[in-house]
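Notes for the one structure printed next.
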């Protein structure tokens, strides 16, 4: 039984097979992502009520929070696929990790900038040295480190394994981002600016937020498949099937 | 196995003592960087006192970072690392020996000289002990985690700054808790929490980092 | 010797099966299988860039083959790593020498990685043999390129491993040094040891020697 | 917005937070577009490289045969 | 001669652009180190503002220091430096080309990113211009003076910290005047004096440092 | 050729007078005087550690002799440095190769240091000659040790210097590579060039060749 599953995994994860299947899968992620995105934007911008404390500025939440969630989610996906690549030597997993990094970095960047833009009206400063903000910045650097290591090691196999190990080690940062708000408070009494007082969120706010978060996940799925397909083409460039395929393009 | 450990440790120490200036260097760098700050900011006692824990900790971190190169780089370039990897002894033990040597040569001197610098920067007497203790718990973590970074970048030439990009983010929790402990101690409050955290991180690093380093070495040093 | 008796069941010391090595899109070799028995000396031949160094590093387990296996006494090298490494010694292109340590300390350090000890007088003896008598307390950075290689020869003799894997052991050696290596190989073989080596400079061994020849690099896209 | 009638100018004004809100949304849109476009460009580049490799190998094998 | 200069400059730039991440590295190091401080000290706006000029300048100095290695070390180790010294062109010109390349790759990016970091650390808007100007005048001096240090230590292996020991003291005047200029500008006062001083130091360094470096290279690289 | 006519007044291309070299308290050689005329090929012989590398570096002006002079066309090398360096090329033990640059860029960079330009097709031609055809856009760190040495041979040919100073030019080269270096030296000589080289591996030149032999190192305490 286990052998069968293993054989199935091996077959599915063969680059050639993946390339064929992913081509068909992409629209199934892209189209719902687009529709949900439109719906979420509509709900968020037109339907959701004005916040009684923050006024209209809170509408940044529909960008900021999904982006922040994605920045962490993608990192975890990378770590898991890197682990799979390291342990079971599945090349596809390494390619997924490599393809995810730029997307994750972009989302992290987006979370940072939208957070800053939200911070100015809320806290009166674009940037404060709060733990969550800082650890998010560190996350951006972890992404950069991964990409830098990946590109500075010539041999592809070595690069994958080495940078994979790095992501796995860097996972310690994720709980820090998540729990930092509490830890920081216990450390610096009174010094905290970021105390998100969240009166149980209005359902009209919550729905667009969740819709946008889902749209972001689907968007990521579509893009990561596109990127992984490029990786496959490049890395398997000496295989006959890629050559046959490219000749037709 | 214990013998392999102690022999390698001895070799690294001997190598360091052979060029004696080299030995003092991380220490001197530490002292120099710390003393840059009073020069660069207006040197008022209160300001320095507030800055002190941060400055000392950042400088310690940088001087460990700068000395990381000597962990594996040279061994990689001259082929000694190949011989280590071809040793019948477990690579983890050998890695641990090298990290130990590194800490004895860089971390420990920093711990010992920190009180002096603390006094220079007006750290209150009751916080000096905590300063030393936090460094004593923190610097081994810096060496251990740094070893992972070095082993990942050992095959990259001119990897100096790549190394810091990889390693600094991982150092930050140690930095925050270490500096904070001193800060809080200066205000006369209890620092049990911070020190426990540092201790826990040390235990974690001690058990996992050598493994990760050994794995990384086998990956990257294949040329 | 006893094993020779029922040679049908002899397990070779080292065996490769369908090894393949790809570097930078170029297939260096593939389907490379050979065996090495005790007392056998094997030369890897091939032009510059044909993949000799890569092959030796794969044999050592320092590099992963792109396909195929390396077996030590019938078992995968990665499985019996400790036993393999205790009986094998590899000397590559690189010096493995610390410029800041003396000749003696360098040898001791190299032996230490193998957890081997050697009494001082034995080391002295071997140093004299490789032409480094009197250089034992000179720091190695003050040695010429050939003298540094001779330290490795001393290490090789002192480590007493069963299998030698040598990548261009004649580099930087003078005529006398070349003769020394030849003698060393012969005596090693007489003592039942095996060796794999590469060299571009005709080594004259008055004994049976197998060869494996690698093709010219870059010709076969894979 | 609920109840009171909808006005586009008020909508774009975002209660005085227009700069912050709209630059956030604008940046998000920009990043989404970059993420869509860059894999497409990358794909073109990869295909071109593979085609060049094919051409080079055909060249090499012809040279070998002759 | 001009050709020799521009060719070498081009080679060094090409070498750097070949590994593109390498290019961004001193910059990232700079940003990382600057952001270590707010983590290590209690992050209050007033405190950070007072510390900012010092922190930014010290970090800039350290990131130049760390990147100095790439000036000659690699060339020494692979023998390219021998070839440079055997060039029919005057060594001074070649040294100048290498230093230029180094500044373009490390100093200039720091100057360009400094305003952003200044804002992070609450440097007042009117002082941001002075911050950039002081770095623009100061960082070339750091590269030029650093070159002397590197050329002196090029034959010493593991000279990383020895280098900083030699170079940091020479950097101190630049650091003091650079940081002070920003500090004074934050208070809204005139900084003509400081900037003139930095300019004079730059002129001096530009005319003497390449000579000293060339001489040092001929001495140390003799093996 | 014209100079040969009144050879009494011929100024040798390179001349050494009473050179002495001491390293680490050991006198490597002293009172070493020899001359090299145009079209002459000179081999420096000596065992490992006898001071060949040190001598060559002194000849280049990369190292100061402990006593004595090196003259280029009758004038002290340090005085006529520019003229000397424009006509001389030195290739030592070290690679001088940047792993991150391609073969072509490496050659260009090396030529640039000499302010020499070479058209692309000439470079391609020379690359083919040294056996690196098709490797021109491969980054050098992906080359084998012998291939890297061949880049230097290409540089040597392209630089068209009058005097070659080569420290073990055969290192890492295969048989074919050795033959290549021999041909290069012969043709260089035919074109009126001179060369000084060291090697431990018998180089067979079918032409007149002078030799200078250095004594065994470490024998003479000074």
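Going by the order they are written in, the chains are A, B, C, D, E and F; count residues from 1 in each one.
What we mean here is this: a residue touches a chain if its C-beta (ideal position, glycine included) is under 8 Å from a C-beta of that chain, and two chains touch if they have at least 3 such contacts.
Just so it is clear, the model here is predicted, and its values are computed rather than measured.
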item: Minimal step count in the chain contact network, subunit A to subunit D; value: 1
item: Chain pair with the greatest number of C-beta contact pairs; value: B-E
item: Copies subunit F and subunit C - interface residue numbers shared by over half, same or different; value: same
item: Whole-Å gap between the CA centroids of subunit D and subunit F; value: 55
item: Centroid spacing, where centroids are CA-atom means, of subunit C and subunit F in whole angstrom; value: 31
item: Distance from the mean Cα position of subunit F to that of subunit E, given in whole angstrom; value: 37
item: Centroid spacing, where centroids are CA-atom means, of subunit C and subunit D in whole angstrom; value: 54
item: Multi-partner residues of subunit F (at least 2 other chains); value: 93, 100, 134, 139, 142
item: Two or more partner chains touched - positions in subunit D; value: 53, 60
item: Multi-partner residues of subunit B (at least 2 other chains); value: 19, 74, 157, 162, 165, 168-169, 172, 176, 222
item: Interfacial residue positions of subunit C with respect to subunit F in the complex; value: 23-24, 46-51, 53, 93, 131, 134-135, 138, 142-147, 149-150, 168, 171-178, 200-201, 217-218
item: Footprint of subunit E on subunit B - complex, ascending; value: 19, 21-22, 25-26, 28-29, 32-33, 36-37, 39-42, 47, 50-51, 53-55, 57-58, 61-63, 66-67, 69-70, 74, 157-158, 160-162, 164-165, 168-169, 172, 175-176, 179, 183
item: Touching residues on subunit C, where the partner in the complex is subunit B; value: 57, 60-64, 82-83, 85-86, 88-90, 92-98, 100-101, 105, 108-110, 112-115, 139
item: Subunit D partner contacts - residues on subunit A that touch it in the complex; value: 45-46, 49-50, 55-57, 59-60, 63-64, 67, 102-103, 106-107, 109-110, 113-114, 117-118, 120-121, 219, 223, 226-227, 229-230, 233-234, 237-238, 242-243, 246-247, 249
item: Subunit E contact footprint on subunit A (complex, rising order); value: 125-130, 134, 137, 141, 144, 147-148, 151-152, 188, 191
